Structures are given as C-alpha cells and as structure tokens.
Amino acid sequence: MSHSLAGILLTWYALDDPNSPELDDLAGKFQLHSLHIEDCRSNNERLKAEGAENYLFLILKYIQAVQDGDISFGNLFLFVGKEFLITIRDPNCESSEVLQRAVKAGGEEKPAKLLYLIMDSIVDSYFVSIDHSDDRIDDLQDSVLDRPSPETLESLFDQKRKLIELRRVLVNLRDACMSLQRESGAILDPELYPFFRDVYDHSLRLLDSVETLRDLLNNTFDVYLSSVANRTNQVMKVLTVLSTVALPALVISGIYGMNLKGLPFLESDHGTEIVVGAMVASTGVVLWMLKQFDWL
Amino acid sequence: MSHSLAGILLTWYALDDPNSPELDDLAGKFQLHSLHIEDCRSNNERLKAEGAENYLFLILKYIQAVQDGDISFGNLFLFVGKEFLITIRDPNCESSEVLQRAVKAGGEEKPAKLLYLIMDSIVDSYFVSIDHSDDRIDDLQDSVLDRPSPETLESLFDQKRKLIELRRVLVNLRDACMSLQRESGAILDPELYPFFRDVYDHSLRLLDSVETLRDLLNNTFDVYLSSVANRTNQVMKVLTVLSTVALPALVISGIYGMNLKGLPFLESDHGTEIVVGAMVASTGVVLWMLKQFDWL
Amino acid sequence: MSHSLAGILLTWYALDDPNSPELDDLAGKFQLHSLHIEDCRSNNERLKAEGAENYLFLILKYIQAVQDGDISFGNLFLFVGKEFLITIRDPNCESSEVLQRAVKAGGEEKPAKLLYLIMDSIVDSYFVSIDHSDDRIDDLQDSVLDRPSPETLESLFDQKRKLIELRRVLVNLRDACMSLQRESGAILDPELYPFFRDVYDHSLRLLDSVETLRDLLNNTFDVYLSSVANRTNQVMKVLTVLSTVALPALVISGIYGMNLKGLPFLESDHGTEIVVGAMVASTGVVLWMLKQFDWL
Amino acid sequence: MSHSLAGILLTWYALDDPNSPELDDLAGKFQLHSLHIEDCRSNNERLKAEGAENYLFLILKYIQAVQDGDISFGNLFLFVGKEFLITIRDPNCESSEVLQRAVKAGGEEKPAKLLYLIMDSIVDSYFVSIDHSDDRIDDLQDSVLDRPSPETLESLFDQKRKLIELRRVLVNLRDACMSLQRESGAILDPELYPFFRDVYDHSLRLLDSVETLRDLLNNTFDVYLSSVANRTNQVMKVLTVLSTVALPALVISGIYGMNLKGLPFLESDHGTEIVVGAMVASTGVVLWMLKQFDWL
Amino acid sequence: MSHSLAGILLTWYALDDPNSPELDDLAGKFQLHSLHIEDCRSNNERLKAEGAENYLFLILKYIQAVQDGDISFGNLFLFVGKEFLITIRDPNCESSEVLQRAVKAGGEEKPAKLLYLIMDSIVDSYFVSIDHSDDRIDDLQDSVLDRPSPETLESLFDQKRKLIELRRVLVNLRDACMSLQRESGAILDPELYPFFRDVYDHSLRLLDSVETLRDLLNNTFDVYLSSVANRTNQVMKVLTVLSTVALPALVISGIYGMNLKGLPFLESDHGTEIVVGAMVASTGVVLWMLKQFDWL
C-alpha cells in the first residue's frame, strides 16, 4: 500500500508498519524526534497532537469495527510537515476507509489539508458509532420497562463500557484539536484554521452526545433497579394474598380436624356449609382489611 | 414566506430551505464561508455562534412543540452582517412564532437588533417549556408519595430525558452568547451589548432552573425507590403477622388431629374451649413478643 | 412608605411597587437603562449586580418567612448612584426588616454604605434560615435512626428542596458580590471595599454551610434507606424463625393425622409425650442449624 | 496567661478573651480594622487570612479534643504585624498546646516566624485527628464485613460527619495559605516563603487524605448495603428451603388425613413406610430441581 | 550500595538511609534547604517536585510490590543539581529496579537526564500495576455475573481501595511533572523538555486509565447489587410458586380432614380421585392466573 500511495504524491510516505526500517530512514531525513518514533512503536499510546520544530506529530485513533456493545480502535500516526506527510498505520488494522478521502485528494492538496481530511473522516466514523449506540440504548430502555432480565442488564453494562472507552478517546481528540490550534506554528496556513476549528467543534458535539448517552444509560439502569424492586414487591404481594386466602381456611379446617368433643355444628347436617361459609367469610374479612387499611 | 419577509426589509433574506440554490447565490454575494453553508445543510449541528470576517454565523434551536415528556427542537440558521440578515429555517419546522417580533420591527431596525429580538423570543420559549416541566414534576412528586407505580416511574424518566436534552441546548446557548460578546467585532454596536448580556443572563437563569429541576427529579426518584422499599417492608410485615396469627393455631390443631392416645382434654367436655383458648393465647403471646422486642 | 423614607434622606427613593409611574420618572431623571426597568417589572429574575455608566443595579432576594421545610423569597431592586439610592420592593412582600438598619443610618451615610447595610441584613437573615435548617436536620437524623417512617422521609425531602432553593440564591449572591468588587467603578469608595468583601466572605461561608447541610441530608437519606433495608431483613428473619418453629410440628402432626396403619407409638400410652417431644427436638435442631451455620 | 507570655516578648499580646477591653486598646494602638475586631467577637467565623495595610489578620481553627466520631474546633485570632503579634483565643478553649512551640521560640523570633510555628502546630494536630479516623474506619470495615449492624452504621455516619466538618476547615486552611502567599506584602520576609509553602503543602496533603478517607467510607457504606442485601437474600433462601422441605410432607399427610375412601395403601401394613418414603422422595425431587435449574 | 554507585559517577551520592549523617554533610556542601532535609526524614510525605535556588528537590513514589488487591509504595528522595545528583531511598524498601536504568547510563549522562531515566522507570512500574488491576477487574466482572458472592464483593472493594491509593499518587505525579516544567530554571536543559513532557503525558494517560478502571469497578459493583436484587426476586418467585402449588392442596385436604358431616364425595368410591383432581385443578388455575396476569 505504501508504494501505491507514494505514487499519488511524491512526498506522502504511507507506511504499513511502525517497525519497518523505512521509518528510521525517514526519521533521519526529516529530523523526527526519537520520542515520537518510540511513540509510534510502543503500543497503547494516547491520542495526541504535538508540535515539533518543523512538523506536527499526531496519534489518531479510528474506530475499526463496531460489534454489539464493543468497539476497537486502530492507531494512525502522522508526521505533518510543510512539504511532506508520513502516515503509519497499525499493521494489524484496516485503515483504508479513514485515508480514502485524503487519497482521492492526495495529489493536489497540501499536507495540512490532507490532515484535515483524515481527521474529518475519523470524526465521521465516531458519529456512526454514536448513532449505533443511540439505537441500542433505545432498544434497551424499551426492554427494561417491559421485562427486566439479567441479559438486558449485561448489554446495558456493555454499552456503558463502550461509552467509557469512547469518551476517553474523545476527550483526547478535543485536547489534541485544541493544541493543534495553539501549536501548529508554521505548518497550518491561517486559511485552514476554520477547518480545524470545525473538527474541534465536532469533537465537542461528540462529547456532548456521549454525555447525553451516558445520562440516558444511567437512567436506564435506574429504571432497571426500580423495575426489579417493583417486581419483588409485586411477588411479595401475590404471596401475601395467597397466604391470606389460604390461612383462615387452614386454621378452621385444622380446628375441625381435631379429635375433640364439643365443637359446634359437628353433628349438624349443614355443618359443612356453615364451616366452609365461615372460611370464605373470614378470608373475605382479611382481604377487606388489607385493602381498607392500605396494607398492600 | 421568503418573499413577503423580503418585502419588509430589502436586506433580510428569509429562506425556507437550506438546500435551495438561493443560499448558494447569497453565499457568493456576501462571501459566506463554505463550512457555514455546509453546517446549514447538514443535519444535527450544535447550537453555536461564530464570528467570520464580515458577518456573524449562528445556529439557534427553538422549541417547536412541547408534548408530554418530550420536546423537539427546530433549527434556525442566521448570517448577520452589518447591512444584511439571512435567516434559514428547517424546511419541516414552523418558525414563524420565533421570528414574529423581529418581523414586526423588521423595517426599522439594524440586523443585530433583529438578532437580539429573535434570540429573546427563543429564550422566552425555553421559559415556557421549563414552567411546563416544573408543573409536571410537582404532579409527579405528589403521585409518587401517594402511590408509586411503574407509570409514574416512566413519566419521571421521560421528564429526566427532556431535561437532559434541554440542558445540552442551554449549555450551548450560554457558550454562544459568551462568544457573541467576544467575537462580535464590527457587527454589534456597543449600545447593543446590554441587550446581548441580558440574553446571556437569561440563559444562565435557564440553566439554573434546569439544574434545580434535575435535583428535584432526582429527589423524586429517591422518594420513589424508598417508597417501594417501604411498601415491600410493609407487605412483609403483613405476611409475618398473618403467619404469626395462623401458625400457633395450626400447630395446636395439628397436634389434636393426631391419632394418638393420651392428649390432655381429649375426653373433656370443655376440650374445645380450652384448646381454642390456648390457640388464641399463644397467638397473643407471639404478637406481644413481636411488639415488645421491636421485631417488626 | 415611600414618602416617610424619602423624608429621612432627600435622595433615597423607596418605592413600594415596581409598576408605579414614579419609577418611569426616576428612570428619566437618572438615565436608568430600560432593561433594568424591565427587570424590576418582570417576575422571577435572578439575584444579580450590574454596573451601568453612573449607577449600580442590584436585584437582591431576602427571606420573607421560614415555614417548616419551605422558604419564600422577596425581591428588592436597588439603583445605587453616587448621590442617590432607589429601592423598589415587591408589592406583596414585607421588606421593612431588611431595610431597617439602613433606614436608621439613612440620613448620615452615603448610598454605597446603605447598600452595605441592606446586604448585611439580608445575609444575616440567611444565617437564621440555615440555623433553622440545621436544627430540623438534627431532629430528622434522630428520628430516622429510631423509627424510619414515610413522614420523616417527606420532611427530609422538604429540607432538601429548601436547600436546593437556598443554594441557588447564594451562588448568585456570591457572584453578585464578586462582580460588585469588579464593576463598582466610581460608585464604591475604596474604604468601603473591606465591607463588601466581608459580605462576600459571609456569602462563601453560607454556601459552605449549605454544602455541609446537603451532605448531612444525603447521609440522613442513606441512613433511612439502610434502616428500611435492615428492618426488612429483620422482618424476614422473624418470619423464618416462626416458620422454623412451626414447620417440624406441622409435618409430624400431619403424619400422625394420617389414617394409616403402622405408625410407631400409635398405641403407646406415652405416644403423645414421645411425638410432641420429637416435634420440640426437631424444631430445636433446625434452630441450632440456623445459628450454627450462620444462616440468619 | 496574657501577662506571662507578654513577659517573654514585649510585643506579643496574648489575650484570653476577645471581649476584653484590652483588644479595643490594641485596635486603637495598631490601627486594627473594625471589621476584624468584629470577626474576633462574633462567633462562628470561617478560618481565613487577610492582609490589611500594616498587618495580617488570621482566624485559625485548631482541634481541641478528638472524641469518638466527633471533633470540636477552637478559634485562634491573630494579628501579625512587622513588630507585633496579637493572639486571641476562645475563652472557653484550651489553646496552650498549639501555642507552645511559638512560646518556646518566642523571645528570639519575628512575628511571622511565630505565625509559622503556630500554623505548623495546628496542621500537626490535624494529622493526629486524621490518623485517628483512619484507624476507626479500618475497624468499621472489618466489622461491616463480619456482621453488619445498625450500630456500625451509626458510627460509620458519625465518621462521615466528622470528615465533612474537617474537610470544610481544611479547604479554608488551604485557601488561607494561598492568600497568605499572595497578600502578605511587607509582613512576610521572602526567606519565610518556603516555610509557608510547606504549610500549604501539608494542607494539600491533609485534604488528599480526607478525600481518600471519604472514598473509603463510601466504600464501607456500599459494603454495608450489599451485606444487608446479601443477608436478606440468604434469609429468603433458608425460608424457601424450609418450605420446600415441609410442603410436600404437609400435602401428602393432608391427603392421607382426609376422611375419604379409596386412598391407596390405606390398608397396607407398610402404608406408613410407603407414604413417608413418598414424602421424602418428593422433597428430594423439589430440592434437586431448585439446585438443578439454579433457582436459588 | 552508596559507595558502589558513587563509584560509577563521582557526583552521584546514593544514600540508603535519610537519617545518616552523610545527608547533613551533603546539605552543608550543596546548601540544601533544611525543610527539604526534614521532608526526607519525616514519614508520609506527598510526592512532589520543588525548585530551589540551585537544585531541584523531588519526592518520588515507586511501587514496591503488587500483591492481590494491595500495593505498597516506596519513597525516593532526589536532589538534582547542575553537577550533582543525590538519591536517598527508604531504608526498608528495595529501590534497585527503579534506579537500574539510571545506574547503567550513570557515567555518561547529566543529572537531569538521570532524573528522567528514574522517573520513566517509575512510570513504567505504574503501567504494570494498572495492567494487573485491569486483569483482576475483568475476572471480577465475569464472576459477578456468574455468581455474586461476598468474596467477590470483598475483592471488588480491595481493587477499589487500591485504585484510590494509586490515583492519589498519580495526581501528585502529574502536578509534580507540571511544576518541573515550570520551575526547573537552570537545571533542565531545553533539549530535555520533550523528555519530561513525555513523562507528563504518561502520567496523564495513567490517570486516564485509573479513571476508566474506577468507572468499570463502579459498573461491576452496580452489576453486583442488581444481581443480588435479581436473585432475591428469583428466590421469592420460587417460594411463591411453591406456596401456590401447595396451598390449594392443603386447604382442600384440610376440609376433607374435618370431622363434619355432609362433605360431598365422602362416601363415593371415587372420592379420592375426584378430590385429588380438584386439588390439581385448583393449583393449575392459580398458576395460570399468576402467568396470565403477569403477577410474577
């Protein structure tokens, strides 16, 4: 891929692997700082933008694949000079989509404009991811109110984890955009400022949306908890009503089951009717009391 | 609508559709930045205010309709120059109410004053929406204390969602007002400053109110949860008292139902009275113990 | 009241009604900004302090009456010039207490010093209100630990609502004090600075106290919730112990109530003693197991 | 005490009572601001540090006595000039410990150095109090995990209240230290700066510790709540297992207690063995189902 | 150890004990501030970085040993001058790992570069600790969803305590890095700035990770609580269904156990079949009602 891209623009070096010796050559040629080369090669760096003497160094993170409740980020390292652009992608990540728009415009634009195109593509991919989350959370809210189950709970927390992850990247994106505006020095032409400010604005809006989604998720979790509490309450009521219905009958039948003398109606022909009637009546009285005194 | 409004003031261009070619003509005529035109045409932009070289660009959001527990916002895009005003409304939203005051004053005022009148109308519509929420929350608080039900829970969270939405718009409004004061450059006359500061003050007060409403809603949710916990506790007590009343009778009647010899009072004529008396007495003792030792 | 006060100091205009035409006369005479006049006449404005060209405009809120769990605020509008003072009170609020100290000093002091006296009186009234809340919260904490009831819950949330309200006013008071120090321009003599700084300090301390009270209230609510959880747990234990005591007896008496042949001790003269002894023993064993394995 | 201390250093005035007329004399002599004198005499002031023209005014709060779960603060008022030091202590508080180190160094040091010694002693007393809290919280955490009781809950919230109190004082101490560094003007020699910065650093560390303790307390409270929830769950399980064991036996013995014809095994000599065997078997089946389908 | 290290670089003084008199000698020789010497000798100081006239003073904290759910920190005190480096380690802590990289580079580098190497090693040890926490939290999340037990709860809170501790140290590290950049004065060459900025960046990323882990832990705790609530709900349902199954049978068999006349089917040969059929039927009806009306 490096070569085909290099064909489009003489000064665009698109590396596929931060560990390739080509990067060392470029570091020598363009006086790239050794710490930046280390950053490219170490794993797990923060998204950031730093101005060096004659270039800007950026670590960007793009969303690679959105699976249910989980996202994974790919790293893209950029050195943006006045006359050159070096892009280095994670060897085990696809990055073509994010670079596509820049590749199309590649031959005719300055490195800084290409940087804008790449950042704008990345920001767009975040919007897609957030829309996706939004839909999922809507579904979850419906299912929580209908029937709270441990499975919905699990996907609820998967979404939460995803948002925590996304928020962290976006905060860094926002800070990087801010420091780009401050430190860009000679690399960014003033006429490009509104474009980078636009990216900054979009990162703010993304953060906004993530916060809103987090609030909605917390709402959904609260609804979940109160639904479970409600249902326990409901189950307890059913148990209590069942007991209320059964207990008077059990007590009375227990009494008439005793081998004692002198129980009333024992010898009466209507004994059964009278005693069963008494059971029904006492059950009715207890139910009426529960209702009357608002005990349930 | 564009034409009738244009009739009132020669330099007010009131477009009904951001996608109309008229906007491109105006963009050419007044040197509007391509990113701002894009903003008008893209969906889902943040409320904001930006100063360009010779005009101010604003995206405003007005409340279109307040339905129970849900609000929807319409976008209004404005280009405010020294000598011209371009307003572009969402094609599928009514915006006449928000523009009414400006239309009335249209022929005689400067664009910046018209901008103030429009912003003031929008802020007023927010106050109406907040008063509406306030009433709803009062109702909810009453119904939660009387009888907590899943339905009240649902409208509680609808209100919460609404406030999350509103808060987000208001934070942006506040920031836009602040950047208006900073970036207005040559567009706003100093004598208009107090007016825009007034809008800023109102946006602060609106945010204040939203925060207070959020606090109150959280209170209401806490009351809900504790009411459910209380009720479960209450139901458990009823069940326990019922069991307490029934169990001694059941045990004693069970014993006297056994086919064994040697049970006391079996042959006594007052057996029934004595045994039933024992049931009542033991039930009384258990109830007295529950009360005495504060077990319930 | 306007006239009697006006008699004390020629340049103090004490109006009882913001809608009186007198205010318009004064606005003309002292060049008061139309937005400030509007503020006086509109309802529901935020407490604030603003510096205009030749006067300070303040909206103050004083506590009118402290009823159990609820407070209501009265508005006081002030225009403080170098040589004049205009105070306008809510027509349906008593404000004499707040103005008393200023009235006493009225003839001899400058408008800015009178402003200080009024603000100091208002701040004092807040202290009284907070002390009142403090006592109420102490009572609530005691009653929550003794016996958590829905009534204590309700007054708990009433106190919370009151503090939310008070906090909001105090935040604005603090900001107003701060902007007074910044914008007072020619109106406040430097020798008055320590006095206004004192008011600012008091507003900080009040906010401090409100935060502490809020923390204490949240504590109290947490105690409430855990008390209810504890009591439910307690009730469950009682129910379980009751069942434990009764079930073995019920099972054994049930078995001996069956019309079957071959039950042991059926014919024994000590059958009853043996079987009842077995009941007591098995109940004892179950209770011992509950205790031994820490199941309750 | 005033006199003995005054003996050590001619210009150290150590008053025991802010209401003594001596303070008025000193106010006249050293031109102390009337608001500062008021502060000394009013109750309930915030800890603070203020620079006046020719002296520093400080209100310090030292811990008087640490009782279980409660602390009380004593006030110490200081006027620190270039050549004089006035210390005024709460009449009903012991303050000797806090002043001891300063008294020892008294004759040889400047007022500002004495101020440092006093502040350092006060900060040390806070460290003791925090260590004390730390131990208590450790104990509470152990007892909550072992056996959550309302008593541990109560001391948990006592600790929380204590930390709220302490945090409030420490925030003010930090702010006072900061304003000392800013406003000390001519009173503090530059060579004393590192010493006051040290006090500031210690106040930061104390706040740090209070925050950590608060986090730990909140943890402990969460453990408490989940322990209670766990125990309720446990009690419910015991009750359910008890019912499971008893109910099949009760149903079967109930059936065999009916006065009906045609029950199987009624006449069998092994009827009892068969029926009791059926009871045990059905109980076993239900228990096996509970376990098998993970219903408990 | 002091001597062997001293052998590598003439001006590196590596002390093993802050209480050794050697430190006093060095303090005299290099004019170290007495407060810094005190800091070295006192226990329990905050991690910090301070610039003195001719040196930088740092207190660093490195992770000594990571045991399950608990970490302990060792202190390292550094005086970094233009031409000398003094490192003082806690006498009862191993610190060799942290110093290793600096020892290797020792002979050839400036003190400030050695400081960077030490700080970088310390930061690396934090990353290891955080990865360790990450794995533990993943395990906990799995076990909470599978089977919430008090033991998982306990390790959950152990992890929380650990993160509270770590966060506190990292906040101080970040602040120390920031003040290093500000106050380093003549000690740090400008070409070292990117290196210290790198350490600062890493401390930010570490804080980021700790925040994310805390969020995840809180999630896990919420899952725990809702799992327990779910299980209690589940247990209640089982109990209610058991009661539902048993109660109709008990009531009917109780009725047929009474010694009354006139019960239907008493004399019928199919009495048993009919009555037991009625038991099964009524149980079925109650179960159907529970299901039909969504009572469980």
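Chains here go by letter, A, B, C, D and E, matching the order in which they are written, and residues are numbered from 1 within each.
Note that in this section a residue touches a chain if its C-beta (ideal position, glycine included) is under 8 Å from a C-beta of that chain, and two chains touch if they have at least 3 such contacts.
This is a predicted model, so every value here is computed, not measured.
S.K.: Which chains lie in contact with each of chain B and chain C?
M.R.: none
S.K.: On a C-alpha centroid basis, what's the spacing between chain A and chain D, in Å?
M.R.: Centres of chain A and chain D (C-alpha means) sit 36 Å apart.
S.K.: Using mean CA coordinates as chain centres, what's the chain C-chain D distance in Å?
M.R.: 23
S.K.: Counting only residues that touch at least 2 other chains, which ones in chain D make the list?
M.R.: 225, 229, 232, 236, 239, 243, 250, 254, 257-259, 263
S.K.: Report the topology of the inter-chain touch graph, choosing from line, ring, star, complete and other.
M.R.: Looks like a ring, each chain touching just two neighbours.
S.K.: What sequence of chains forms the ring when you start at chain B and head for chain C?
M.R.: B, C, D, E, A
S.K.: Flag every residue of chain A that touches chain E in the complex, lowest number first.
M.R.: Those residues of chain A that touch chain E are 33, 35, 45-46, 48, 150, 153-154, 157, 160-161, 164-165, 168, 172, 221, 224-225, 228-229, 231-232, 234-236, 238-239, 242-243, 245-246, 249-250, 253-254, 256-259, 263, 265-273, 275-276, 279.
S.K.: For the complex, which residues does chain A have touching chain B?
M.R.: That would be residues 145, 194-195, 198, 201, 204-205, 208, 211-212, 215-216, 219, 222-223, 225-227, 229-230, 232-233, 236-237, 239-240, 243-244, 247-248, 250-251, 254-255, 257-263, 286, 290, 295-296 of chain A.
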